[in-house]
């Protein structure tokens, strides 16, 4: 299991385009399975090489997967994914940008265009018109991906419900969050701190065909180590949920 | 000067569509000028009726205005505006949603589709394909509008610089923020708390034609009372900047 | 088990003084055991009536218990306990004071003098000169009690180590945190969110005889429900730690 | 004007004790005036050498000054000053301790005993039994000093009112904050961000003789640069308030 970004992409040309240099071990790329169980559970069970997953890619992939699988996306129109992230995405090396008086309360755009995780999303969902932008906000752990897309003419909200339920019905770590009342109507990262859950949801405007697909995760869990443990459990034949039972805190 | 949303829209049919009821004084709509000086400075100087401005509409309008004026927008593709806002947008009535243990650390989607300020943006920029989504984040004051759009084929980054400079060169309260180094490369609401500034910026990917136009404001100043004072100054023949000189705090 | 404050004090006169009214069931007071296992483990095992514990009292009691037991406190001088707390201490009813724009970033003194939990501390530690002050800070969960006291002439730092180790050596949920390097040199509530741990520590200035005894807890766990579950486990003969295994998150 | 700590103390022996080395220019110590206008306005007007002030010392001095001047303090009992501070007190060099994921949400004790600003307080108030402890909390700017003390027998709340009013009646930057209702009953740093105000308040328990004296400031203004500008204004014969008119933000 390689948690770096070295073996996530299958095509060396795509790697070179997004990472700015030739891949140094292209022969190995085909041996690796992209390590997100919701996408490759059976392959993970039967491989010896797994890549890690990008945290922003994971939130985006899980938000859009049902729409892609159900073939609901109008792919002639761009898919814009606006992603809000916490400071732990920046790693544990102090810098002026992470210095508390500077970072506190930030709403800081980075990678407005050209974010590398785009490649993982397009590869895994079979899309070519995905555009990511990332904004750092006041938060330590957490990612919320807000994927703005358009659906094919004639799509109804029922179709979306069907797609999300079909994709995630049996997933131990994906929950559909979509309520008409209460505070938590949509996925929200704060209640996921420390958990391996990906909460997904959506909103659909039938008059314009516009959908907003949402996914919240803890970037240090489902967006990194948690998915890796889940994949390891599959590789080793363990209960997929082993070690990942923490259900979260409220209020937090 | 009417700070409510009653007289912002010119067309009673548009009002009825977005506000869900017939306008009760449609004859008055034509008498009001939309109160954003950057859009209607001369009309404001010569009117007796000014509407307030929507905070999210203001951030969106100022982000996109240069691209609209310079006719750079590819209007066949959707303009997605993902807006991050603070808790003061919700007003000063306590509720469970604003209760600190619940609101603290929130990354909470509201108005994923159908936000009413959309009408103000489409009216003022002459567009028909604008889509707003709002997310509440951990912040008291502040708005960051991230407007995702596509520009006409052949547009260069130089064209964007020219458009932003032409539009805002003489504006006392709009600053272009776009740096290649340092922490503050893009507009950021936190350093605008209490000020009337709108900081705008952009990023452009020439290979895909995709632009990200940004605008940060303090919703309680440029997004509401500050713009109103600025407009009042114009109506009364005062220095447009009177009472609005506060330059902000750093660090904050 | 009664989680209210009704049965925490043994003496009806003390109850009347701190709560401003006569106790309505004084005959029942003697039947209850104060529900903090670190103070009354054996009595809890053998009783059918347990009171809850005050969150601020718990942090104070656990900070000072080793010094009281080892008879190190100079009781001729006041013991000042300055307590920092989060917004969840205020309960879940929204109010203007808990409204996010008002509560965010607060450093708000309440109960500068006369806090009722003082009575629980004096009763449980056998002291008469304890003075609590509470300050609400930007935090949802958590309490840090900073107990300022003076020790008897001749006391050495070794004596404090001995006292803390003797008291807490076998406690499953109390940890001594006192380091000379690193970031976490003293107890800190943030890494305790969701856990039942009480982290205690101290600093001692031999030249002045002044000690600062510290205890951090999660007020919703060790300061309330967590201690109650721990006590219930003892009453029922379960493993004292059952259901309380969560070890916390870092970073958070 | 020297903003360092080099010339704040008058006595080289006291300097050596708190700073751990001999002062290198002891002959200059007597030439400097301690730069807090509320303590030394006339001397500041007539000197050419002013020291800066410690931020924590300033909050403590202004909290306790009325009680010291009115001779109300029972100096046989210790004065414990528990001070809550923001991250900007740590300066602008990034470190692991200031790294956002680590510093966010911290309630971090430092200088539990032995804080150097103690010397400035004892010198300026003529006291010998002052004990400071500092705790870093989630805040960028701001200090709240909570000074716990005991007053002489027979002191009444009226005496405190008289003392605070007499000391601060004519001070342009000190306000007494003490209300029986509303949210802001005591001094609070959040509404002082960017201002030069010191808000002071107190609570008194006549039955125990215990007083809690409070002072909130912005450490970067009244606690440092603001007081320096105020002192410079006095030295130069300017309006003492020049450049310091910012009144603060609410909500923030």
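Just so it is clear, A, B, C and D label the chains in written order, and each chain counts residues from 1 on its own.
As a convention for this text, contacts are C-beta pairs under 8 Å (C-beta built on N, C-alpha and C of every residue); 3 or more make two chains touch, one makes a residue touch a chain.
Remember, it's a predicted structure, so these values are computed and weren't measured experimentally.
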Legend entry - Starting at chain B, fewest touch steps before arriving at chain C: 1
Legend entry - Centroid-based (C-alpha) most distant chain relative to chain C: B
Legend entry - Separation of mean Cα positions, chain D and chain A [Å, integer]: 49
Inset, instruction - Can you check how far apart chain A and chain C are, centre to centre, with Cα atoms defining each centre and the answer in Å? - result: 41
Inset, instruction - Could you tell me the distance, in whole angstrom, between the mean C-alpha positions of chain A and chain B? - result: 30
Inset, instruction - Going through chain A residue by residue, note those that touch at least 2 other chains and give them in order. - result: 88, 96, 101, 104-105, 140, 251-252
Inset, instruction - Would you mind writing out the residues of chain A in touch with chain C in their complex? - result: 88, 140-141, 193-194, 246, 249, 251-252
Inset, instruction - Please name which positions on chain D make contact with chain C in the complex. - result: 77-78, 80, 82, 84, 96-97, 101-102, 104-109, 112-114, 131, 133, 135, 137-139, 142, 144, 146, 148, 150, 183, 185-190, 201, 203-205, 208, 210, 212, 214, 216, 251-252
Legend entry - chain A - residues contacting chain D, complex: 86-88, 90, 92-96, 98-101, 103-105, 140
